[in-house]
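You will see two complexes here that share chain A, one where it goes with chain B and one where it goes with chain C.
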Partner chain A sequence: MKYWVKKELKPPHGKVYIIEDRCKGCGFCIEFCPQQVLQESEEFNSRGYHPPKLVENDKKCIGCSFCSLVCPEFAIYIEKEEENED
Partner chain B sequence: MARRIGVFICHCGINIAGVIDVEKVAEEMRKYPGVAFATTYQYMCSDPGQNLIREKIEEENLDAVVVAACSPSMHEETFRSVCKDYFSIYRCEMANIREQSSWVHDPEEATEKAIKLLKATVEKVRENEDFNPIMVPVERKCLVIGGGIAGIQAALDIADAGYKVILVEKEPSIGGRMAQLSETFPTLDCSQCILTPKMVMVSRHPNIKLLSYSEVIEISGFVGNFNVKILKNPRYVDEDKCTVCGDCEKVCPVIVPNEFEMKRAPRKAIFIPFPQAVPSTYTLDREACLGLAPLTCAECRDACEADAINYDMQAKVIEEKVGAIIVATGYDLYDKNKLVEYGYGDDDDIITSLEFERMLSASGPTGGKIIKPSTGEEPKKVVFIQCAGSRDVQHMPYCSSICCMYTAKHALLYKHNVHDGEAYIFYIDIRATGKGYEEFIARVMEEERINYIRGKVAKIFREGDKIVVYGIDTLTGKRVEIKADLVVLAMAIVGKKGTKDIAKLLKVAVDDGIFLKEAHPKLKPVEALSRGIYFAGCAQSPKDIPAVVAQASASASKVLSIISKDKLEKDPLIAVVDEEHCSGCGVCISVCPYEAMQRQPNGKAKCIEALCEGCGTCAASCPSGNIEMRNYKDEQIEKMIEVII
Partner chain C sequence: MEIEGEHHPLDEYLRADRIPHIWCPGCGLGTVLNGFLHALEETDIDLKNLAIVSGIGCTGRIAGYINVDSYHTTHGRAIPFATGLKLANPKLKVVVISGDGDLFAIGGNHFIHAARRNIDMTVICVNNYNYGMTGGQLGPTTPLESKTTTTPYGNIEHPFNLCHVAHASGAVYVARWTALHARRMKDSIKEALNKKGFSFVEIIASCPTTYGRRNKMPTGLDTMKYYKEKSVIKHGIEPEKADIEIGGEIIVGKFVDIEKPTFNEEVEKLIRRFHK
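After this line comes the complex of A and B, so read on.
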């Protein structure tokens, strides 16, 4: 459905950084992400766990940083991308 | 026990006398034991008819009266008020020989049945006892469900009369559909400009308690004494602290469609539906918010300088006692996806009437500019289709009452916006029955040069960047094909989603599952069948704003007639438990729909007078036959059955 407004509201966007080797595969970030941006990857990290990876469309991340809050290993963080005013 | 019973048989013009041999009935009844007098009269309900009863009670020294006429729901009160001067009203009974006999049987059978019904009624009245009405106290407060123009008007009228009103609105703000409209026909007043003063009055009125973002979840009791439970949903924003600065909205990262804008504009998870909302406060949409438990994002709270946001707010159940209830739940448009022949749902350039209202509104998504949604350009050819879903046996058979008028208004406003545009209106008939409506239609047709085409549209489909509308002009008999930029469907009006649930709570009837059913289509248009419950607005039937306001004031005056009294009279014909023989099994307690049967400390059942409605369910269910209905005692009913068969 298309909005009729001239200027569409743009949600903020965050870039997700995953420090794969720190991950212990608890899955909290996947479980608690409100936008369901993350999923478990099939690869192993150096410690033998499956770290998270982004689902195909990482545009959905709005940068709430809840993943980094729940991560027990400080293995994930977000950088908010500045909006381009155009 | 009555020993001198008078029988009065009404002809009801030819309604009864045209079928039933009334003289024969009177002759038969004169012979019946206990009947001291029997006569017939043309219209027993007329003044001379009533005087005849009075005269004969005195002359013949009657101690009970049976009137054989229409249904007691019509005239029982008339005849009982005649008898009141001489003896207890329960010594006056009616035998319904019109609806139950003359209207439905052949002459011979009808006459025979009329005699039987009369004999049975004589048997009943013979054993009737005298009772005085039960006096019940009245809670001098009213509940209004729905905060649209109907609910607002009703609440203001009652509050102005000096009584307390509780106004419950499901949405974050009152205002309802009228707040969504751009301008109102036929005077083209700005809808919000005439509505918002009333909304402000509601918020300021000392007698009105406004519960927005709330729902009625439970109703029990009876006229004068309803117990209501209202669920107040948490809006996570303190209404009193919020200053509507909008800082929270700016930082909220969640974007969802705005229902107030018919989902044609976005809003944040924390939002105010429109600037003039009452109560004037933001609301956090729990469904859209990133998460409250656990709290995921706290951007809005951090941004709020007034410290109004509280994520720990809980839903609250508020209990209230009220004397009367007004239901003004309003309307929805017919489900657009069901109109497959008009291609709705697939195409951006086919929109509904309410969406067009928002497009026309200066505060709407386009700022009042008319656009072709697929491209954003100005549409040069617009087709309006009336009766989209109304007057159609495949959809809704009834007329939605206001579409002719608002479509004319739409076309006019379109022409005022787009001077070189062409507007076409497909119609079945034009129904312009209100004051100044016909003149408005004439003005639109002639001065604004709108093309009215009498006929229904057969098919709508897309061809390139145009929408092709196929139809037939039934006045010329020619096929019409219009390549339009925009198509506006005047959708049928249906009762608000959830009307059925409210009706179930209130135990009131719903017509075909769509609109609330009034007690009498002509003489009791705002009353529900259950006393103390009234209707206002489009919840009862589609209607225009003047009619809604009139109906709201009507139901307010009905409510005032109840809550302005200290005590109400209640019918004393209730259930009585023979306590000596009650075994305390509790069956009656479980079946009573009014919670009138209650267990006493000694284990036996007792009927609470004020709650009992005299339905008789308990009496029928008692396994030992120890509950009797006053004036419907077992012996009476047995005797009645005996004389009938």
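After this line comes the complex of A and C, so read on.
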């Protein structure tokens, strides 16, 4: 009988990958992330732009992939993380 | 958490050795290319049966970055070349990606007549309100009162409403999005690719270097924020009511989606009638 087992819904998580040397620092991903996961880094990439980096609380990403859709440089992508069922 | 990525999932669709592309930081063209490739990934189009045709201009570069059969044609003549491809090989999926100046100023007549004949192709027009590559001159879509290099006191010419032109000429699918609506733009391009007949998607994109700089939007991000503030989604509205004015609402959405026999179908019907 599984009818009474109440599953808790958890928000999905995503893993952010950034190809730093492709970034031209337009800031679209930082501005339009719905979870505000990204911020501008202080370091330069090989072409002199500031690529994005993750903010402290790295579990905030829900894997919506909007950053990867809006990025004009193909410099960021998301992999959805499978939640382990406890 | 890992952060360094090396291989973008869309690299197989790109000529990755040419990336980074030549477009300026903050240009909307990269977003359009990104949305197009995402749409392509979601459709079941055979890449060997796909041809991308583009004209001249910044947008014309898109064809060169996609790793399928691509054709960079003369100025304004992307649609005639695409028509030829489609008529010679009806199995081919033909997509035209070009700019507003190329498709509607230099090649305006070709666009009107391809839409009138309902040739089975998808036309994606990236509208950045000016001739970006040649230095930001006045184009056929520059909104009234906006400043370009050739209209330093403000534009006095009435611009084209591209969606209205496409609808009036007989396109079966007409939609407009801005580069900010990345997901809806991707879905719309997917619909247009799957649509039989002349489908048209207009994408309003930022041009910070030549247009934005002279119109109080010096970076791509400023333009995107402007789109976020001003754009309103109105599906199914009459395209003639969706004019673009400076400072006014940008009406986006899917305006037209109808069925009509295509040129190739009519040709086949004609042949069948006389070869009994």
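Simple rule for what comes next: the second predicted complex is superposed on the first by the 78 of 86 C-alpha atoms of A that agree within 3 Å, B and C clash if a C-alpha of one lies under 4 Å from a C-alpha of the other, contacts with A are read in each partner's own complex, and residues count from 1 in each chain.
To be clear about the criterion, a contact is a pair of C-beta atoms (placed from the backbone, for glycine too) under 8 Å apart; a residue touches a chain by one contact, two chains touch by 3 or more.
Given the structure is predicted, the values throughout are model-derived calculations rather than measurements.
Of the two partner chains placed by superposition, chain B and chain C are both touched by A:32.
Contacts of A:49 after superposition on the shared chain: chain C is touched, whereas chain B is not.
Contact comparison for chain A: of chain B and chain C, C touches the greater number of residues. Legend: residue contacts after superposition of the two complexes on their common chain; A:74 is shown touching chain C, with no touch to chain B.
When the shared chain is aligned, chain B comes close enough to touch A:11, but chain C does not. When the two complexes are overlaid on their common chain A, residue A:66 makes contact with chain B and with chain C alike.
In the superposition on the C-alpha atoms of chain A, the part of chain A touched by chain B in one complex and by chain C in the other spans residues 32, 66. Listing the residues of chain A that touch chain C in their complex gives 15-20, 22, 24-28, 31-32, 47, 49, 53-54, 58, 66, 68-77.
On the side of chain A, the complex with chain B involves touching residues 1-6, 8-9, 11-12, 32, 34-35, 62-64, 66. Of all residues in chain C, only 1-6, 8-11, 14, 19-21, 23, 25-31, 33-35, 38, 179-180, 182-183, 186, 219-221, 224-225 touch chain A in the complex they form.
Looking at the complex, you find that chain B touches chain A at residues 253-255, 257, 263-266, 268, 290-291, 294, 296-297, 348, 359, 364-367, 371, 373-374, 376.
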